[in-house]
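Across the two complexes that follow, chain A remains constant while its partner is chain B and subsequently chain C.
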Partner chain A sequence: MDELPSEVDLLIIGTGFIESIISAAASRIGKSVLHLDPNDYYGNQWGSFNLQALLDYNPDPSEPCDFRNKSFSLKNFHYEWLMEDQKEDLLKNSRKFNIDLTPKLHYCRGDFVQLLITSNIARYSEFRSVTRILTWLNGQLELVPCSRSDVFASQKVSVVEKRVLMKLLTSLDDILDSENTHNFKKFLESRKLSDNLVTYVMAMAGATEHTSLGEGVKSVKRFLDSLGRFGKTPYLFSMYGSGEIAQAFCRLSAVFGGIYALNQQNLISLDSEDNRITSLTTTKQQIRAQNYVTSLEQCSEKFLRPVKINNYISRAILITNKSILPSEQEQLSFLIYPEGTERIINVFELGSLTGTCPKNYYLVHLTSKQVTTPQEDFKGALGNLFSGSDQPQIIFSCYFSIPETSDLDFENVPENLFLCPGPDNDLDYNSSIQKAREIFEKMYPDLEFLPRAPDPEEIIIGD
Partner chain B sequence: MANRSGAAQRPNGQTQGKICQFKLVLLGESAVGKSSLVLRFVKGQFHEYQESTIGAAFLTQTICLDDTTVKFEIWDTAGQERYHSLAPMYYRGAQAAIVVYDITNQDTFGRAKTWVKELQRQASPNIVIALAGNKQDLANKRMVEYEEAQTYADENGLLFMETSAKTAMNVNDIFLAIAKKLPKNEQNAGQTGNNAQGRRLTEGDTGPKTAGNCCK
Partner chain C sequence: MHGRLKVKTTEEQKAEKQKEQQKKLQLYRAGMKKILSTRASDLYDPESFGISTQLLCVNPDIYTLWNYRKEVLLIEKEESSKDEIEGDNKLAAFLDKEISLTEQCLIANPKSYGSWHHRYWVLMLHPNPNWDKEFGLCTKYLTYDDRNFHCWDYRRLLINKIGITLPAEIKFSTDCLNNNFSNYSSWHYRSTLRQLDENCIEDELNLVQSAVFTDPADSSAWFYFRWVLSNPALSKEKRQELLDNLEQLQELDPDCKWVVLAKCWLTGSLVLSDSEFVDKRVQFYKELIELDPTRKGQYEHYLKIAEEKLANN
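So, the complex of A and B:
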């Protein structure tokens, strides 16, 4: 295979979401970018896998080296077939699965969707609207009304309540200044909303009993602001899985000259001198760059001290045989499941229209902050959703923990080395894109972050 | 000849002058002339020392075929094939592919076969694949026999032509042959209202009108 370029402006190791955005942003402003990954797939912990590849996934490669940092790899990875007789059929359809390690939703009017549109990434990605939002109340699934007509059509909300709710939601801006209570739920209850309504509004905010008024109001506002743009709910999901998004940014980077090389097993070390990285040494060559960006998972321990991971994200992936709430048309459901008083489990139920699983099956993603182990953390919810005789059955389940690295700080990191954390526990990409932007602005102050890319029609080729 | 203005009107959703849109991906080794073929087809241009097409996410071109306007959205590899790092998203939803090799370089023909296999593995099972033996203008330095490639194409159900981006030989023809072979049913007509395709996001798009913009 050809040698890699020996000198570039920016060398990136790892094709996770944050690295990929930085790559696109740097290529976009004309920097020469070499983007490498020791893995033979895109996305690191943000990647998506077909079923066979998920079964083969090895979070702890045997040989630790300078570019595989075990502290940051997935933990507790475990899968199991609960209905062995379906295994053959599912594996035959392995390629129809696109299973995300880190599934995310996009707010229709969020910064990220705006960035997708202005950077023209949206021109080559496809999305699905989340078609319904569910929550769990009094031992059953409830549809969260998402539009004025939903609210007024709902038989679970009385006329008086409707008026109270509308008034409340239209005056969110004034609430923060005027209210004394600092707890979101207590505030809702003080407004004489019924349990049903409190639950709905809590679900819109993704709030727990501990959520502050400020946070709660902010989240409800985000929810409401994103309504009515694309589809019936405020959320979009990337077709073929969230892993597609990192790939789309990598493509944008390549389109602007970024050079891609995956499956780089021959990397030896990042060499440093006087608190700066000087080069990357591979078995074949030395590569010099002005700046270096790496994912934590693919960064040598020598640059990452101290390592102390306090939090993990619990994840479960299920393949089931029908929807948790069957309906005539295939739905893309987002279930906000309150677990105890301080935890929300985000559940995405994806059907074949999302391009992430074959027909007649559903792919269910559960995500929550970790308390004990993923198995324990989801036990209650799975018991409620998947154990009755008329409920869907779990054919396959997979559990793992993702280290929460978004708030870690390291000491004495070389000044031209920029570290990209792994996934966070947020519903969307907002914080991650913020992180990417920060790194970009540190390297290239005063330069524009992902300006609009030209439309195909505007490109003039040649002299 | 390709027709760029072919935006046939569809008053009241009538299918008079149906428009079908297809994603077409290019594959093949570096320097076999993938981008040159596209440039010849889309812009009618050829540059001897064509650099890779910086800034083009994809290019579009339309062909009129009887009562149907076929709109190609043509994706180039953007160099990601060079170190075998094409992302799976490249193949997503592709209904057609042109696998290109250089008739003066036997290795590129071998690699083309690998790309065909890769397509059969990664892409949709119904994808229409064309094999293009490019640089036909250099036939005096030929290393890949026409018959050999034709036999391989026949065995694998591929369209096959030798092309020259430089002289334009067979360039429009190969796209036309693909257009003829693609299914032009309602599934591919226009971009809306079809279930298999997802949503493309555009500025100001408010999507299907939903009743009421809640609570605002």
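So, the complex of A and C:
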């Protein structure tokens, strides 16, 4: 292999979402970027895997080294086949799976979509809109009417309820200050909304019984603002999995001269002096850079004091044989499942049209704040959704926990080393983009973050 | 400096674009010249026919070319009628290609008059037209743009030609409305489908009430409401029930003029002989003058009539 450059402006280790955005943003303004990853795949904990690769996934490296620490790796990784007879067929189709460790949705008018458009990265990626929003009420799945058309067409909402619901949704701007209650659910109930309307609006907000009024209203507004742009619901999903997104940014970075090297097993250490990183030492060479960016997962523990992870994200991945709510056409469903009073479980059900699983199968992602273990956290929901005789059957399941690192602070981090947290529990990428932008602005205070990239026809090739 | 992208300036891009346009223009001129010259000598020249296909795919609004193709198709029909055994099949195969061409042209411009007309004209000539496909096409283009009036026109043409399948059209109309009820065309189309009787008027009232309760400020559904109210099949009890519903809606939305207006329609201004609710109407018109001052004169006029009627009672 050719030797890597010995001096660059920015050295990045890890190809997670945040690192990849920073890489693209820095290359875009003309900085020389060297982007390395000890893994042989893109995305770290944001990555996508085919089925075989998921089975081979080893979240627990045998020995921590300077570029791998145990604290931030996935925990409780476990999978099992519930229908052994289907195993062979699925493994034969292994490459038709794109299984996300961290699946995300995008608000159609959210920061992420805005960034894709303003930076012209949209051309590197494809999306599919979520076709329906479901929630769980009185022991059954309910379609959440999200647009004006849905409210009109809903058979389950009386005409008066239609008016009450529409009135609430169109007057959110005026309610904040005048209310007596500070609890979102109590507020909805005080507006004389019937039980199912309350459940629908709670689902739009992704709210629990503890959600505050301000937060609930903000979330519903976000939901409504993103309606009517790209489809029937406010959400988009990345074709071929969310892992594609990190790669799209890497591609942009490479177009602007970023140098990529994956599967870098020969990294030895980041050397520091006077609270600054001076160089990266590999078995072959020393690489110097002005700034260094690494993912937490691939950073030496010596820079990460104190390591104290308070929260985990529970994840489950299922392969099933039919949809939780079969319909004429294949649907891309987002189910907001309230679990107890404090937690919601976000469920994405993806069919073959998303390019993440083969035909006649569904890939189901469950994500929630962790309370005990992923198995326990999802037990109730899975029992309700996948146990009846007419319900889909689970062929394969995989569980793991992702450490929630977005709110961690470390002491005495070298001043030119910037740490990128792993995935958060949000539905979308908003806070991660924010984090990437912050790091970028710290390194390059007065420069533009991801200005529009030129189209291919605007680029001069050759001289 | 290495690894830096060189980007064209806007001037360069503009010049490039202009060059491309010039090239297109030349091709267009040459193509038209060729076609017109062969057409003049009254010849069906396959090469010209091919060129016209290409030109139409880029710009489906050159009606001269559609007319030229019609001439060629007539020649083709004439030819095929000489072959008693295979003639129909040959013609059908030829026309099928023509139908797919119009479909391609509609992708380029879904509002191309020429493409829609030509398509229908070809179907008329076709020995064995597939009407189901036409309904499908119509529905498909309406999902792209539910205000594309060409689709609505085309659908009416089809129905006039082959007759109506009521359940299918009711379903189509309901689907359109479910998709977006702020659409005069959808409501109007629905009103043309059937005569309302006691059995179906209930469904229509439910449908239209769903719309006005969802968004009372949207005028399209109110017009349909008015049309349903004008139906003699509406019973007196039903009227009373509707009036109660509208009262309820008014409580929720006191500033919406359409609700009061609908109450006027309901209490008799559509059937002028009805004098039972005159006192109420006097009240409604007074409310309307407040709510909708731009149409004050109109309401004052109606108010005067109502008040006179009240005095005579």
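As a convention for this text, the second predicted complex is superposed on the first by the 460 of 463 C-alpha atoms of A that agree within 3 Å, B and C clash if a C-alpha of one lies under 4 Å from a C-alpha of the other, contacts with A are read in each partner's own complex, and residues count from 1 in each chain.
Definition applied: a contact is a pair of C-beta atoms (placed from the backbone, for glycine too) under 8 Å apart; a residue touches a chain by one contact, two chains touch by 3 or more.
Because the structure is predicted, anything quoted here is derived from the model rather than measured.
Contacts of A:454 after superposition: both chain B and chain C are touched. In the superposed model, A:91 lies in contact with neither chain B nor chain C. When both complexes are overlaid on chain A, the residue A:355 reaches chain B alone and has no touch with chain C. With both structures placed on the common chain, the touch criterion links A:230 to chain B but leaves chain C unconnected. Once the two complexes are overlaid on the shared chain, A:268 sits clear of chain B and of chain C alike. Ranking chain B and chain C by residues of chain A touched puts B first. Touch criterion met: A:32 reaches chain C, while chain B stays clear of it. Contacts of A:166 after superposition: both chain B and chain C are touched. In the overlay built on the shared chain, the residue A:65 is in contact with neither chain B nor chain C.
When the shared chain is aligned, chain B and chain C each come close enough to touch A:257. Residue overlap on chain A between the chain B contacts of one complex and the chain C contacts of the other covers 148-149, 151, 166, 255-257, 454, 457, 459.
Only residues 39, 43, 45, 47, 52-60, 75, 78-80, 82-85, 87-90, 92-93, 121, 195-203, 205-208, 210-216 of chain B touch chain A when the two sit together in their complex.
Of all residues in chain C, only 2-8, 13, 177-181, 209-211, 213-216, 245, 248-249, 252-253 touch chain A in the complex they form. Put simply, chain A touches chain C in their complex at residues 30, 32, 148-149, 151-153, 159-160, 162-164, 166-167, 255-257, 454, 457-460. Touching chain B in their complex are the following residues of chain A: 1-2, 4, 42, 95, 113, 116-118, 120, 122-129, 145-151, 165-166, 169-170, 224, 227-232, 236, 239-240, 244, 247-248, 250-252, 254-257, 259-263, 353, 355, 453-454, 456-457, 459, 461-462.
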